[in-house]
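Before anything else, here is the set of structures, which you'll find just below.
Two complexes follow with chain A in common, the first pairing it with chain B and the second with chain C.
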Partner chain A sequence: MTAIPLLDIRDLTVEFATRRGTVQAVRQVDVSVARGETVGIVGESGSGKSVTSYAVMRILDRAGRIAGGEVSFSGIDLRAAGERQMRDLRGREISMIFQNPRAALNPIRKVGHQIEDVLRQHAEAGSGDAKEKAIAALEQVKIARPEERYHAYPFELSGGMCQRVVIALALACRPQLLIADEPTTGLDVTTQKAVMDLVTALTAERGMSTVLITHDLGLAAAYCDRIVVMEQGRVVETAPATTIFRAPSHAYTRKLMQATPRPGVTLRDLLPAGAPAAPAARAEAAGAPLLTVSGLTKEYPRAKAGLLKRKAAAAEAPFRAVDALSFSVNRGESVGLVGESGCGKSTTSTMVMRLLDPSAGSIVFSGEDISRVPAARFARHALRPKIQMVFQDPTESLNPRWTAARAIADPLLRFRTVKGGDAIRARCEELARLVGLPVELLDRFPHQLSGGQKARVGIARAIAPSPDLVILDEPTAALDVSVQAVVLNLLADLKQALGMSYLFVSHDLQVVRMLCDRVIVMRAGRIVEEGPTEAVLEAPQAEYTRALLAAIPHPPV
Partner chain B sequence: MSATGSPALAPAPARSGISATLAHAVAVVSGNPVTGFAFALLLGLVACAILGPSLVPYDPLASDTSVALQAPTLAHPFGTDQLGRDILSRVVVAARLDLTIAVASVALVFVAGGLAGIMAGFFGGWTDRIVGRLADTIMAFPLFVLAMGIVAALGNTVTNIVLATAIINFPLYARLARAEAAQRRNAGFVMAARLTGNTDLRIVLTSILPNILPIMMVQMSLTMGYAILNAAGLSFIGLGVRPPTPEWGIMVAEGASFIVSGEWWIALFPGLALMLAVFCFNLIGDGLRDIVDPQRRT
Partner chain C sequence: MLRTLLDRFATTLPALAGVVVVSFLLTRVLPGDTAAYFAGPAATPQAIAQIRTELGLDRSLPEQFARYVADLARGDLGRSLTTGQPVTTDLGSRLPASAELTLFGLVLSLLVAVPLGVAAALRQGSLVDHACRVVATAGVSLPVFFTGLLLVYVFYFVLGWSPAPLGRLDAFASPPPTRTGFFLLDSLMAGDIETFRAALAQIALPGLTLAIFALAPIARITRAAMLAVLAADFVRTARAAGLSSRRVVVTYALRNAMLPVVTTLGMVFSFLLGANVLVEKVFAWPGVGSYAVEALIASDFAPVQGFVLAMALLYTVLNLLIDLAYGLIDPRVRAAA
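After this line comes the complex of A and B, so read on.
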């Protein structure tokens, strides 16, 4: 905190006009960023952390306006700046990286041309040297073979590659300040590490300042000098990254830290003190095998590239998304299926779920080979109620036109386990109590529920037909950490109470560690490592597992 | 941007879906007077269609050559035609026939095109190919010429006008429904419906259709104006409803030959009615879009 800060936000208040009156999304926020400093803004959804950055860039929605306070950037008053002046500042002095790299790129323009556009817009390059400079920019973000990638379209690149291109775009004009809004959400943990290391190296090399907006305390702690914690539009704490973890002064920071999964804690530790200390001891997983998968394979034919190449493509071996996978899940056991995107974990769970037919192999569930029943006819199979699933996105998995009660009642109506309107309503209320959903919320529609409440509805629907196996497909990936802590505990309690088995599909090893007895690490359709959770995470045998573990950002405790 | 930038709103008060939609509709209409005007106009048109014959001062079919070709007067506010029929009465009474043709054809194409499109989008494969090629075939013709051909081939009746109007609108509905259904085919709630033992047919009816309905309704309102225009156009060129039945298209056609000799009112007033009706349905389409758009529901 020396001299004049590069970016100085004082008393910033942002209001949104809604039909129910004005809502203050950001209230009297003070943030300052010195030259060369990296500041993390951390908070859960709705804390106003993104809105603050939009206000700095002056890219708020029509309904939003800066109601008070001052924003100055190296002496320029950004509130008073005209649109023309802001256009010059954006990209050249202040740039921004958004959450979804694929959405931030124009899908029908070559990435090289998109970088050229930015360079030309800010008169950093003319028509003669634009291509050269664009390739140099790609090279700087460590994209292999930049001359070839220059001609690539965004859809031809992976998520991590796209994010690198976006970073190249943001840094092309050598700005002084980079605002990164959740730059690695949705990326794999190893990609996240690569991208963050790259951003840190590039900004340090150029003496730039960075504002990192994230919900992940671990990430912020690993890469920031100073951390600003926001809650409901207010800054509750500002402290250097090294001290905030040792001595968090605000109750909200403590709560947030406590809810963050980290090594050496149990599920109960995530909840605020005073939570009911239900038995956290795991049931002995000594049951008979419930699900045995052997030689499970899913092949997809390679894309045909035009008429002439069709013959060549047909000769090529089909793509194996899942390659001769074998594993088992015992009764009352939770097994974690871990891997990065594209490793085949979702394809595997969809096949076990019997929504997709495998190319080869068998799925023996409760002593019956259910892979023989085509997926299209499994809806009427007697074992259908016994395998259920909790989906990744709680919002997307609920029919927007159904109330919570209707969604939970759907399996009861279809499987005819409970008959009669009153009995169904009673069972819905029982399930709602079981998952901790207030009964009066049962008549609400999904858009009237919060993320955590929607997750509870999804869980209630999955356990309604009393399944033996529940597949959890990243059930907390779309939730805030404090909600995640509650939902994970709920899942553990339900398993204990109802004696179900879980197949937990996730990319987050910390979460898997707390919930699962056994873990299977997958890569490129094959099992890399398998074993009891503690053993695999404490002493990983495979190189890949070690890389995954090393990539998890750790708070400096 | 707008989605990510949404501030922390207090949870919406618990209201049932219908009353919330109504409240939202009232807010949209009061916030946009043009939409309110369009709904008022629609109400007027529907009133004419239902009560028309009992409202009008004269029998729309009674000719009286003693008052032929009179310019608008107090007794005949819209004037009279070459047979001395009161044009106001004819314009008002014609609303029933024109609206019936439009509503019937749109309802027909909504069911047929909508269902075909949903099936194509949901099942894909052969269903998709057949529906897609059918739509392409229809779109390959100039649509009005196709409608003329259908009416000429099947015969000059109201039923055939309805059928022809429905057929030429089929691609619009089939494509819209296909796109919307395909987008939701792999949505989480559809997967969840499969897990709870729903058959494909039930998934289409309970999970896909209700979620597409609002968008289809906007489309309905927009094509309604087009259907009215199409029916009037067919009648104008002599295919479709025959004289002396009061119908806006024929009346414009009959009046057209008198414009040269100065009797402008015969064609003008039915033409105005036609314009107002089309205008009204298009405006309602815009208003409906605002009402069903969840993004506008802050």
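After this line comes the complex of A and C, so read on.
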């Protein structure tokens, strides 16, 4: 380590005042960042990694306060600095970029003006040259046609583009330290790679230091010099990125690493050693096709028309979200539907789920063309219980005023497959045991359950009416890796035990590889490539599949 | 832009048609016989029958309605039996008085409620926050006629600060030359400070009464919207970029928080139109509200229908303006339009 670190956090403790008393979110944390160094702070939700960075910037919300420790930035004591001094440091010396870039920008202000605001605040530009400098800042982050984008509002830009604007905003005043808080979460892998490469190039070119906060150990290892692993507000390990994968010293780091999906491992390998090692052999995909989709198409009109201009809009060619898609899912098979945002995978799954009517094509399920039944009437169709879905966000997809038992019982009550209060309760408990949810948690409300427990409730609800096909829409995207590992294994076990078929919608190729027999890669509403998972991922034929695979961060193993 | 305006206006036409039908039917089913009322207590049945024929009330409902719509198409709202004037003339002379009072109350309310809501949100749980809650709750809990009478008692009777609550101007002042029909604006345009002061003194108490009534919804929405926006990611970005707190609060937070406030304004305005009727009574304000109530009591159909239609039109136009304001604030609305 060099003599004086640029940022030195010692013994930092941050407390939050809550209704149930004071909670220590960060406890005696030590992190130092040298000039030009990139440090990754890795941890799962609730580990205090973001709070640490907010404490450095002194932008904790009202309830939070720094309870102890020291934070110094190039010799300045940040704890003792006045608000005015902090304001001059923020944006000019230390900058931050955030998760969810579109929300991180003011929705009703032109992006160019938002960059100007920062430039003017720190006297980097006056009224004469502000526009020019803002455009230069946009150019730096490789935004095409920056003069036009200067006038764009965030809603007119893609997620990746918004993140570039946030980076431009953060780097406009040439700060010495950049704190990137989950900068690529929610972005597609190819966009993630582009954004991370951009940040790396810009910070290297300017000799800046970077703190990368992420839950993704692979991402941190690929882009950082040194990695700090945090768990429940404490730093459990600090090590160079090159050695942390080879020789993780702390048990938590090992667990985190093990749970991270990576090439060459099976679902069982994700679980900590000592977990029940049931045979994970895949059920042989028994021949008969359960679901056959052919020529499935969904079109949307291009412009929303008003009362007086409906005719004009109708003349334009409609937008095809899904374009003549054909595939099949066999009984007992799980098929992965992979693609980046906007590729039409969710539209496809929603149509198969019969929540949305296709513009053309057929969906034959169990020998019946269910695309002929309007989506509005399918709820009362005899096949409704046979196709069920597990949703992306386990919290948002549960009614906050229903207990877990009520949520699981909902399909039973609706389809009347089980009658009588006692029988329903018995079935709920059976389902809870099946998904590994402790029976005593059945009477809790969603806010009293953890993310993993809520995911189990969502799964129990989907399998309650004994479906033949379960559509899994990114079921683990909102979960921490260690929870994801458990949920993925649960899904694999359930499929084996109950003989269901899965249509697994995901953007994560590693997860798909472990869970699915076959994979379909989609782009712009069409199938780019399909085939057995191993074959597609080991020897991709399509250029696009290769690009997707290459974009996954490769830690230096 | 014009296209959007027309589009938006076209969607209100069915609502206006509905108002025409409902106001017509409602006045017909109300108890009371217009002809008997106007013939007077000593009239013979023949005289009443004659008046009924003159007014066209002996015809069938569909026929009456057809005549009403035909008149309406020519811009004729009928004639008031109480004042003997065409309803359009009556409304034309009284509407500015009501509009001035309502807008004065609304603007006054905005000037107080928005800063109050912002301050309450910035200092959640502080004295300002509690004050905001108390003022807002009191404002909605007290009926306007009571607030009005209380203000008259305190400021006219006890303190003697304000003039007698008798109309838009005291007996000695003469109204300014009519341009907008708003005395405050007209007197200023004419450069007549004396009249302006007199008009202001008269409008202060009724305006304040309406403002107190409108305070609660605006202050509460402003506070809630500010709290939501202050917790938003982009405010955190702005703070992390070192922007001054003034810039963060005004340019980033308040402008975004104004979206729900503007939406609420439309509703608040309609509350005020309703409250206006009582306030005009208390302060002897020569507006359309008191005019309509008198006509209603006298079973005088034409002014009541005219009043309802005028209010509906006013409300439509106001909502149109609010939509335009929304488009000015929020680029996403502009793009969708």
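Here are some notes:
Following the convention adopted for this analysis, the second predicted complex is superposed on the first by the 546 of 557 C-alpha atoms of A that agree within 3 Å, B and C clash if a C-alpha of one lies under 4 Å from a C-alpha of the other, contacts with A are read in each partner's own complex, and residues count from 1 in each chain.
Operating definition for what follows: a residue touches a chain if its C-beta (ideal position, glycine included) is under 8 Å from a C-beta of that chain, and two chains touch if they have at least 3 such contacts.
Model, not experiment: these values are computed from the prediction.
Applying the stated clash criterion after superposition on chain A shows that chain B and chain C collide. Of the two partner chains, neither chain B nor chain C is touched by A:475.
In the superposition on chain A, A:393 contacts chain B only, with no contact to chain C. Shared-chain residue A:5: touches no atom of chain B or chain C. Once the two complexes are overlaid on the shared chain, A:59 sits against chain B and chain C alike.
Only one of the chain C stretches 135-143, 171-179, 189-197 or 243-251 carries C-alpha atoms that clash with chain B in the superposed arrangement, namely 135-143. Residues common to the contacts of chain A with chain B and with chain C across the two structures: 59, 61.
Looking at the complex, you find that chain A touches chain C at residues 57, 59, 61-62, 86-92, 95-96, 98, 100, 103-109, 117-118, 121-122, 153, 155-156, 166, 169-170, 304, 306-309. Chain A makes touch with chain B in their complex at residues 14, 16, 18-20, 23-26, 46-48, 50-51, 54, 59-61, 63-64, 99, 232-233, 353, 355, 376, 379-380, 384-385, 387-389, 391-393, 396-401, 403, 407, 410-411, 414-415, 440-441, 443-445, 447-450, 458, 461-462, 464-465. Residues of chain B touching chain A in their complex: 1-2, 4-12, 14-17, 27, 187-189, 191-200, 206-207, 210-211, 294, 298. Taken together, the chain C residues at the contact with chain A in this complex read 3-4, 6-7, 10-11, 124, 231-234, 236-244, 247, 251-252, 255-256, 259, 329-332, 335-337.
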